[in-house]
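Okay, so chain A shows up in both of these, paired with chain B first and chain C after.
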Partner chain A sequence: MSEHVEPASEHATEHPGYGTFIKVWLLLLILTGCLVGVSHLGQTYAVWGLLTLTPLKAGLVFYFFMHLKYEGPLFKVVVLVTLGTLLIFFALLFSDVAFH
Partner chain B sequence: MSTHAATAQPSYLVDTGSRKGLMAWLTTTDHKRIGLLYLYAMSIFFLIAMGIGFVMRLVQLTSYQKLITAQTYNALFTVHGVIMIFLFVIPGLSAVFGNFFLPILIGAKDVSFPRLNLASWYFFMAGAILAVLSLFTGGGAPDTGWSFYAPFSLKTGTNVSLAVFAAFVLGFSSMLTGINFITTIHRLRAPGMHWFRMPLFCWAVYSTAWIQILATPIVAITLVLVILERFFGIGVFDPAKGGDPLLYQHLFWIYSHPAVYIMILPAMGAITEIIPTFAKRTIFGYKAIAFSSMAIAGVGSLVWAHHMFTSGMSGMALMLFSLLTMIVAVPSAVKVFNWVGTLYKGSIDFQPPLLFALTFIFLFCIGGLTGVMQGALAVNVHVHDTYFIVGHFHYVMFGGTGMAFFAALLYWFPKMWGRMYSKAAIYASWFPIFIGFNLLYFGMLILGLMGMPRRYYVHLPQFHTMHVVATVGSWFLVLGLLLFFGTLLYAILWGEKAEDNPWGGVTLEWSLPSPPIQENFEEIPTITHGPYEFERLEGKS
Partner chain C sequence: MSAEPTTKVTPSSLGPDSEGSPGASSVTQGSGHRDDYGSRLGMWLFLVTEMVLFGGLFIAYSYMRYRYPVEFHHGGGELNATLGVINTLVLLTSSLTVVLAIVAIQRSEKGRAMVFLGSTLVLGLTFLVIKSFEWGAKFHHGLYPNAPHLATLPPGEQVFFGLYFTMTGLHGLHVIAGLSVLSVMLWWVATDRIRQDRYIHLENSGLYWHLVDVIWIFLLPLFYLAA
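So, the complex of A and B:
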């Protein structure tokens, strides 16, 4: 009934093939390997590896396997709001942890 | 624009399906009935927790204890907190009045997901039953306080695991309700119901719903970690295993401070509906109130660590969270200013809902200002974990959310049940409630400043006089509350039939019969103006 929001399905224009999924999967495996490798270099590297590579992997899963790439802008904005909130929470947490 | 059948539908209180009586209520997907299911359940929980609070005050009446043991006292303040927080004030106005009135106020037949709505209520009841079971099973009632702080909550032999799991289940109820309300507001607004034509209660419920779905998962996972730690010793929070108890406090308050705004935002929304109706003029600063709701939801989610100023956090975090705490007071003050601005030069029609709304403003201001005091680091160190904190949050949660709940109940009561209560009896109940409330909780503020620590079973002789004052206040308060609830219960059963619009309100619910019909509107309305245009109606008349 609202005139403001169109159904998200109207924005779905393309669908990924198996090739895309396999490429993303391989990339996830490589990133996991990198993460394991980095964690052996010491705690600082492990933490920074976790903070950078893990969100990247999660992003790939969101984008392809959870279909975010093919959704309308509303869903993308909602996910961005959620991730932005999480990022702010992390930043504020680090205002305690990083300055101990 | 969709249309309804031309024939008049029966009231939502009439069973028309194949199921009758209790089964019709327990399987209903009507948002109005679900709102009442929440209300009835929450009223029972409130009265139980009120009784527990009453006993706790009796314990403090004497400087030596005969009524209960110290362990029982610990269990009582935990159970009082868990019930009041998780089963009354958090679902509070959002679950009851949000469910009942949100679809009506935006011109919809129901919420977006009616069956999910009923499932939310069942999650709520399941969580409540688990919480009650935790009192009588395992090692007995939890003795940690409602915040379940680690490492004590990991070590105590009481039934923390089940109580924590109950809170986890209750979280699902909250999240599903939040998802339902956000979707409803985005998708089911009537034609012409633009964002800035929505009644401000809808903005408040909308802001609250965002907090519910963003913050609740964090505490849900945290509580699961507590259970895993208790059963498997995974060592996330236990310092003996390399865990960090401060991490627990952070994660707990990342949810539980925004939860304060889950409690208060719908209350503010209800007050914003009541004041224009009884001032007979449009709200002062519509957009300022709407945006302040969103600002409270946003900034209020970033101030959690002010509960941890004495925990040993870094100096940087202390300064940052102190600053943010000061900032969150601004949008709250915007609302108070606008409410008072609306009353200014209004044609005041002094009725019971307005009396309780004004009581809310007065008590909430005391609660808010004592909160700002604690935002200052130097003051916080001195009053932390004293009765000052207990007094402060009762002013916010009871004086704020509680009084707004009562005001909203009085305001919408004729619409919900189609009956009117005795105004004289409600006025009579207000006096003991107001006097008792302030004796009890202002007494606690003074006790806290004197140095009385919270959660202590016994007290030193120098605190005794104020403890007696506070306990006598609790008697007045309970007396007033029993009269209040008794009056409303009598009115539900035997009250006079109410008019469709007894207060002269102009939002959509007042255009409906009392009680509303099953699908709310015979025909979905087309909205052509803002929600509080009293002047336009006066022009017409």
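So, the complex of A and C:
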């Protein structure tokens, strides 16, 4: 077992450290603060905050916390295809609603 | 200490070498076979089914909100935004502690990993306690599924609270499932079943917990803020 320890440690240096994730967490807290702030400015701002800041927060969690940044292209494609499918369903529903 | 056995027992759970070479994390140890890349891919495929499950509910919410804008505004006004925001901070922090636990395991810092995982469990339980207070207050005001008082409200508000209890309830069940799995992970870290050269289960459990966090990131503005 001991013979594997040293190379494993070398390998570990390739992984992102504590600092990266703590910075992302701070950014998420700031974005949450912004989201709460804009929601007090009125309905329009609240909706725009919802449409921009929320996907940004989710993207940060996906990209860093869920390690998508460090994965190969297949994982990114799987997620994007899923989100694209949901978007298509969303567009189909509202295109139907719009003509009623 | 040749390079060959080393590459076999240090599968890439992460890192640049996993990019573009999916087979790199496939490991054969003794009679067993391990494929961390395949394991993560399987977890992601499960997670996208969860995304579709909640995505359907989000689409339902969008349509109902479009149809009953005033009632949704009133319904949202009934919710406690402060508790919603506090719970967001709690879940975001619990997501951080999970990912830090993985970093700690990668560095063979078992004690730290256990502290981080333990913190995640405490934060997850805190989320549930706050949620139970919030739901309790709603119940106290006669707002719960199939309540007589709810039936007297306009249809749009009934739909709002129907979606509120369905979506936050389903999310709450996911929090309970995530906490159960992470408790096992803490046990496995303590008993060295999860360690520096073998932590795919912790990674996959972490992925699940982060998705639970992402869903809440969307629930906060939809129910508590944008109304």
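Everything below uses one rule, namely that the second predicted complex is superposed on the first by the 74 of 100 C-alpha atoms of A that agree within 3 Å, B and C clash if a C-alpha of one lies under 4 Å from a C-alpha of the other, contacts with A are read in each partner's own complex, and residues count from 1 in each chain.
Here is the rule we use: contacts are C-beta pairs under 8 Å (C-beta built on N, C-alpha and C of every residue); 3 or more make two chains touch, one makes a residue touch a chain.
In this text the structure is predicted, and so the values were computed from the model without any measurement.
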{"item": "Residue contacts on chain A - larger count, chain B or chain C", "value": "C"}
{"item": "Contacts of A:F99 with chain B and chain C, given as first, second, both or neither", "value": "first"}
{"item": "Partner chain in contact with A:V79 - chain B first, chain C second, else both or neither", "value": "second"}
{"item": "Partner chain in contact with A:I88 - chain B first, chain C second, else both or neither", "value": "first"}
{"item": "Which of chain B and chain C A:K57 touches, first, second, both or neither", "value": "second"}
{"item": "Intersection of chain A interface sets (partners chain B, chain C)", "value": "3-5, 82, 85, 89, 93, 97"}
{"item": "Contact footprint of chain B on chain A as seen in their complex", "value": "1-5, 81-82, 85, 88-89, 92-93, 95-100"}
{"item": "For the chain B and chain A complex, residues of the former touching the latter", "value": "1-2, 107-108, 186-191, 193, 195, 214, 218, 246, 250, 254, 301-302, 305, 313-317, 320-321, 524"}
{"item": "Chain C to chain A touching residues, read off their complex", "value": "1, 3, 5-6, 9-10, 12, 14-22, 40-41, 44-45, 48, 51-52, 55-56, 58-59, 62-63, 66, 73, 81, 85, 88-89, 92-93, 95-96, 98-100, 103, 106-108, 196-197, 203, 206-207, 210-211, 213-214, 217-218, 220-222, 225-226"}
{"item": "Footprint of chain C on chain A - complex, ascending", "value": "3-9, 11-12, 14-18, 21-22, 24-25, 28-29, 32, 35-36, 39, 43, 46-47, 49-50, 53-54, 57-58, 61-62, 64-67, 70-75, 78-79, 82-83, 85-86, 89-90, 93-94, 97"}
